[in-house]
C-alpha cells in the first residue's frame, strides 16, 4: 500500500510494522509481541515506559523513562537496529549544563525526542522546585546538553514541533499542579531562541467521557498535508482512579493552536493485561510515533500501566479519515 | 431437583443453567464460560455490562448498557434464544417521548427491565441535570416509550417490583450525589400511575464491611412465598477504590421496606480476572435474574469490572436458606 | 407610593416597613434595627434564623428555626402583632402524624410557610435517613399536622407555590447530598394531592461568581403580573468557606420552571457584623417575604450568620425593574 | 528624620504618612483612618481591595481591583491628590489589544503597577483558560494597552522589577493551580522584550508557620543599597481556612532570585475588624508601596478581608534593620 | 453563698470572681472585662490563649501558650496576684531534660498544669515527629524539668488527674492525626511512674451536634463528692470550619473512664466578638479551672479565637445540677 | 552454603527453601509455587494474607489474617509440617481475657508472632474504639491469652523484638489515623512488664519514592551480629491508590531506634498477577520471616493483594550486603 503522500517527511521503510489483523475493526492495532520492552530490561530498572524514539543513522535511537528500584524517575538513552529490540544504557543520561541551578538533577520523566534541523531535542518533565519542562539536545545520543527550562513550574508533557513555525520554535505543553493533577489542557508556546518563551495559546481541554479529566500531547506532531497530526492522551476518572487512553487530532499547519478535527472516541484504550495490570493500572500513554512517508505506516510507542513499553500501529490515511469522520471539536 | 415451590411465577425451564461444581462451597457459582458478552460484541462498544434480561416470546430479550468508544453511556436492546448468546442492536434504543424536556437524551446506564401486566418496563439511570431514574416501556423490544422521570435527581439503581403492591406501582432506588457517590441507601417509593411518586420509605443502608460504603438494588425482586427475594450490590472502599460485591435479602411481601433477612456475608465478590481487571477493577454488579418456578433455578446476569457481562447461578431454596442462616438485619 | 398593581394578592398595609435611606444605592435595604430576633429570644435557643412568616389574623404568625444549645435543629411557632417583635413558643412544634415512620422526629430546619386555600402549609428540611422535604399544615398555628415527605432524600429548601398551577400543587426544591453539599440546582415538581410528586423540571443552577456553588429557593414565590417573583440564595466558595447571598428571578406564570429573568448581581450579600460574624460567618439566607399589593412594599425575613433573624426591604416595581435590567439567564 | 539614603529612587515628600504611635512596638503600623477605600466607593462595587498605586504627575494614580455585585473581578483606574482620598473610574479599564485571543476579557484581579522608563506597566491575574499573568501599560492612566500574557497558566501575583536587570525585564510570579491553590512559591523570570520569558529561577517557598502554605510577591520591589526590598504575603492554613499576612525580604541586586534575608515573623497580620471580617476573613494582602528616598518613609497599600483597602506605614531603615535581625532564609 | 461541700480541695477565697448578671440564664457566664489577656501582652506575642493556671504561693502561676509573630507555638510561664492581671515571662520556658532526643524543642502548645503532691506537672502538645503529650514539672515556676513523652504520636490535650487513682498516675488525652484532625475521642491511661503508660480506656467520643466532630479534655478534672467534674471542648464542623464550644461531664471517681453524666447542650459557645473574630474564628477552648471549696465558685480560663484568653464563671453546685438535668451519655 | 554466622539464633534446617533461579538478579526471589495459601483455604474465608509464622515443635505454627465473607477481619491459628502446606483452624482464635473492656472482640488483623523466652507473643491490629496494638500470648497455639492493648489508638503494625533489650520488652509500631492513613512512621517503645509502655523513640519515616507515603515494620526483627535486621513495608501513592513494597534496614542492637542502614530501593515490589490483582491491587506486605542460623537462609511470608499468602526467599549475608551497598538513611 502507498500513502496518498500525506506525510511531510522522509521515507522510513524500516520502521517496525505488522499488518492489521483481519478481524480487527480498530483504526489502531497492537503489536502481537507486546510488550516490546520488559520492565527489567536493564539491571536497575523497576519499569521502562513512556519513552520516545527517532530514526537515527541506520536504525533508531531513543530516550527512555526508566524508573529504578527506588522508584526514582530517570531518563536513559538507547539504540535499536529494528525499533523493537532495544539496547538501553544502564546509566542514566548525564546532561551537560553550564548553570548548576538548572542542571542539578532532581528527577526526569516522560521524555520526548524531536529532530529539528541538525540536532535531536529532548524535552521531559524535569524536577525544578516542582515539575516543569526540561529542554536538552544531542547530536549523537552520547553527549546530551541541557538548556534552560522552557517554562515556570508546574508543567508536564512538553512536546516540540519538528520544525520552526513562522520563524519560531514551537512547543505544546500541559500546565499542571504539584501532584496527581486532576485537570489539564494543552497549550501552545513559541520561542525565537529555545530560551525565552511566549505567545501562549490554548489548544484544547478535556471533552467527553474518555478525556474528561485532562489531556496532554503525546508524540512529536506529524506534519501532513492535512495539518499537524497529533496523537495525545486523555484521562477519565473512575471510582478506582485515572484511566489513560489515546486519541488523535488535526491542528492547523500555521496556527497549530487551532484544532480542526479531534476524535470523539479514543483510538486505543487500556484493555490488555499488560495495559491493565502493573504499577499504575489502566494506562496507555503514547510518547513517540515513527512514520514512513512512502507507505503512510505509523508505529506508536506507548507506555503500559506505567510499567512496560509497547507498540501499536496505524496508517496515516486511515487515521486521518477516522479523525475526520469521528470528530467533535 | 424440584423447588419447594417458593417462587411465585411461571415455569421457565429454558433459562441458562449449569450445575454447581462439586468442589464449590458457595451458594452462588459462576458460569464456566464467563464472560458471556465480550466488551466488543458490537462494533461501537467499548464495554457491555450492568445489563438486564427477561424471558420474551420463545427466548429472551434484554436491555444492555453499551459504553461506546467515546465512553458515552448508552442503552441497547438485544435478543437471545438461549440467554447466553446474544444479538445486540448496533444502534441504541431511541425512546419515543412526547415531551422533549424529558426525552432529550443525555446519557443512560445500568438499565433494569421488569414485566408488569402487559408490558415490559425499563428503568435506568437517566441524565437530566444529573443522574435520576428514567422510566419507559416496550411491548416488543422494538418500540420503546419514555415516561416522566420517577424522581428528582440525584438517583441511581431504580428497580421496579413485578406487580402492583396494594394497588400502587412500587420501586426501589438509591439516592446519590452527582459523582462517585460515597454513600447510598435503598429506599422504597409508590406510585398510583407511574407518573407521581411518594410514600417514600427507607429499606436498608450500609452495614458490615463488604457493604460498608453503599448498597443498591440489583435485579427485579423475585416474589417467593418467603418474601421478596432481593439480590443487591454492596460496596466497600479499599485504599485503592471501590469494591462491588453481591448480597441478598428477603423483604416483607406487603411492606417491602421491611427487611426480614439480609446476608451478612456477600454471596459473590470479584475474584476472577474478568471481575478484577477491566475499566473499573473489582466490580461484580447484578442487574437481572431469571428464575424457573419449577426447579427453583436462578440465573443472575452481572456486570464485571464495568467491562463485560457474566452469568452466575443459584437455587432459590438454597439461597433463601443461606439468607436466613447468615442474616444480620 | 402606589405599586403599579403588579402583586397578585391582598393588601397588607401593616407589614413591617422602613423607607430606603437617601444614601442607599441598593434595590434592597436593611432594617435599621436589625437583627429583629436575637439568638437567645427563648431560653433554650442557641440561635434563631432561617425562619418564615405569614399574615395571620390581625397580625402575623410564623415558623422559626431555633437551634437549641445542643445545636439540635428544631422548628417553633410564633406570633407577632407588628412582624418585628415576636413571641416564639418555648417548645418546638409537635406535628401530629398518623404514621410514626414518617412522624418520628429526627431534626427539622429552614422552614417555609405558605397559605394555600384554607390552610397554611409548612415545608422544612426533615431528617428521614438524611435530609428531605417534610410537609405539614396548620389552620391556627397551634395544631400542626404532618403529611408524607414530598421527596426521597437528599433534599433541602422545599418551597411551595401559593396556589395550584394547572390543577396541581407545585413545589421548588434543591436536591443535595448528605453533608455541606457543594452543588445545588433548583427543581420544580408537581403533585395532584400533596402525597405523590412527579413531573420534575429543572429550573436553574449555579451561574456567575456569587452563585457559583449552589442556588436554592427562598420565600414563597410572589405572584405578579410579570411572572412569579422568586427571591433565592446563591453560594460562593471562598478559601474560607461558603458565602450565602440573595438574588431574584422572574419565572413564567404557567411554566414556572422557565426562568425569564434572573439577577446577575446579588441583591443583598453579607456585609454587616450580624451577617458576617456568628455560628456560620457570611450568611444571608432569605426564607419569607411579606408583600402589600397596594403599595408594592416587600419585607424579606432572612437568617444572618446562622445565628439571628433580620429584615430587609424592597419594592416590587423597583425589584422587577432591577431584575430585568440586570438579568443574565 | 532622614533616611540613610538606602532607597534608590526619587524623593516623594507627599506620600501618605502618619507617625508611628508611641505605644506601638511593631515595625509596621496601620493608618488610623483605615480603611481608606470602602467597599462601595463606586456604585457597582461589592468590594475594592488588592490594589496598586504609583506617584503620577502632581499626585497619584492607580489600578484597583473592584469586584462588582455579581462578584465579577474587574480592574479600574483611579486618581488621588493625596494618596488617601481616591476617585475611581466607574467603568473598568478597557485594554486595547491587537489580538482578540489575548485581549478578550474574562476576569482580571490583584493588579500591580510599575513604572519602567517611559511608561507604567500593569500586571494582573488575567483569565485565559485559567489564571495567568496579564501584562499591559499606560502612559496616562487613560489609555491602556495589553501585551501578550507573560506565562502559561496557572499563575498569579506577577510583579515587575522597576528597571531592567542586566538588560532584561524581570518579573516575580507565583505559579498556582486552578482553584484556591494550597501551595505557592515565588519564581523569577526574565524577558528581553516583554513578550518572551525565560531563565526562570526559584526565589523562595513556604517556610515557618505564618507562611507555611504559600508565599507571593506584593508591591513592586524597592531598590535599596542593601538589595531589593520585597514585601510579600504568606499564608497559613487554619482549621477555618487561609490566613494572609505580610513579611519582607532582601533580594540580591543583580541576582534577585537569591534571598539574602527574610523575616521569620510576619510584619503585619490580620488583627483588626476590617482585616478579620469581610468577604474573606483574615486577609492582609499588600499590592503597592510608595517610598520617599529623602525620609525613607514607606506607605503600603493592602487589601483587607478581600473587601476594602487600607494603608500601613514603615520606614526603610527600620524595616531593613528588622529584616536582618529577624531573618531565617 | 456556701457550696454544699462538693469540691474535694482547699478553700481558695481569692480566685477571680464576678457574680452572675441578673439577666443571664446560663449556667456559665463571662467576665465583663474579657478578654483578660490581650494578644500582644508581651512584645513577641502574636496571641496568648489556651493557657492554664494554678494557685501558687499567695497568688497564682500559670503556663501560657504564646504564639510569636512567626506563629511559632511556645509555652511561657507567668504569675499573677489576682488571677486577672498577669505578668508573663518574655522568654519561653526552657525545659531541663537529660535526653536531648526528648528535650529538643520543636513546638509546644495548649499546656495544662496540675499540682500532684509536691510539684506542679505541666502537660502540653509537644512536637516529636508529630504532636504528642509532653510531660514536665516545676516546683517554683522558674525551673522546669522535662520527662519522657507520655505517648506515641499523634496526640493532643493530655490532662492529668490531680491525684493518683488506685496507686497510679492518671491522664486523659485525645489521640489525633498529624493535621487539623477531623475526629477525636477522650481516652484514659495510667502510669505507675510517669514514664510508662498503659491500661488505656475509652472515656467518650463525639455525640450530638455541637460536639459531633471531636471532643477533648479541658482543665484538670475537679474532684467532687459527685465524681470527677470534667469541663471539656467539643467541636462542630460548619461549612466554614470548626466551631469549638465547652461542655461538662461527671466521671466515676474510681473508674474515671466511666461517664456518669454529660451535658447534651454546651455550657458556653463562641458568641462574643472576641470568641468569633481572631486568628481562628469561633473558638472557646478551656484549659484551666480554679475552684474554691468553700463557696463552690469556679473560674474557667479559656482561649478565644486562638487569639486571646478570657475568664468565665460557674458554681459547682449549679454546674453539677445542670449536668445531671441535661445529661445524655 | 554456610552463613557467616550473622544470625543470632537457632539452626532451622527445615524452613521452606528454594534456590535462587539462575536468571534472577534480585536479592529476594519468589517461591515458584506462589501463592502458598489460597484465599479460600478454609470454608469461611474470603482471603488469607498478612500472616505470621514461627518454628514450633517439629514444624511450624502461625497466626493468620482470615477475612471472612462478610469481610470481617479475624485471626486464626494454624500449623504446618513444612511451612508451605498449612492447616488453618476454621474458627478464629478466642483470646482469653480477664477484662471484657479489653477482651471484647471487634476486629483483629495483620498479626505478628514472636517467641520471647517461654511463650509466643501475638501482636495485631486490634479494634478498640479504633485500631490499636493488641497483645496476647500462647504456649501451645491452642489457648491464647490476651493482655492490655499496648498503646492508645490509633496504631497498626506492632512488632515485638525477640528478646528484652536492656531489661525491657521492646516494640515497633506505626501510629496511624482512623482510616486509610496517608502517613506513617515507625516508632520504638519499651515496657518493663508488657502492660505499661513508654520511652517512645522515632525510628524512621517515609523516604524516597517507593516508600514516600508511609512505612511500617514487617516480621519480627532478626538479630544478627550486624544489628537488627528489619524487613518492612513502604507505600507509594500512585494516581490509582497505594502500592505496598518491601525494604530492609539494619538497626543498632542496643538502641534499635537508630537506623544504621536502610535500602533506598525496594527488595520486592508487587509485580506478579497474584500481587497485582485481588481485593487490593498492588500489595506485597511481609509479616514473618523464618531464618536458619546455620545456612543464613531466610523465608519471608507476605500477603499479596490483600488476598493470598506467598513466600519469598533471601539469604542473610546477601541481604545485609545489599542493605549496606544500597543504603540511604
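For clarity, chains are labelled A, B, C, D, E and F in written order, and residue numbers in each chain start from 1.
Simple rule for what comes next: a contact is a pair of C-beta atoms (placed from the backbone, for glycine too) under 8 Å apart; a residue touches a chain by one contact, two chains touch by 3 or more.
Remember, predicted model here, so these are calculated numbers, not experimental data.
Asks: Quick check for you: after a Cα superposition of subunit C on subunit E, what is the rotation angle, between 0 and 180°, in steps of 5?
Replies: Between subunit C and subunit E, the superposition angle is 120 degrees.
Asks: For the pairs B-C and A-F, output the one whose chains share more C-beta pairs in contact.
Replies: More contacting C-beta pairs are found at B-C.
Asks: How many angstrom between the C-alpha centroids of subunit D and subunit A?
Replies: Spacing between the chain centres: roughly 40 Å.
Asks: At what distance in angstrom does the C-alpha mean of subunit C lie from that of subunit A?
Replies: Averaging C-alpha atoms per chain gives centres 55 Å apart.
Asks: Using the touch definition from the top, which residues of subunit A touch two or more other chains?
Replies: 240-241, 277, 281-282
Asks: Applying that definition of touch, give me each pair of chains that meets it.
Replies: Chain pairs that touch: A-B, A-D, A-F, B-C, B-F, C-D, C-E, D-E, E-F.
Asks: So in the complex, the part of subunit D that touches subunit C is made up of which residues?
Replies: Touch residues, subunit D against subunit C: 39-40, 43, 46, 67-73, 180, 240-242, 277-282, 306.
Asks: Can you list the residues on subunit C that touch subunit D in the complex?
Replies: Those in contact with subunit D are residues 25, 208-210, 236-241, 243, 264-266, 269, 271, 273, 276-277, 281-282.
Asks: Provide the residue numbers of subunit D that touch subunit A in the complex, in ascending order.
Replies: Going through subunit D, the ones touching subunit A are 101, 128-130, 132, 148-155, 173, 175, 177-178, 181, 183, 185, 187, 189-193, 195-202, 205.
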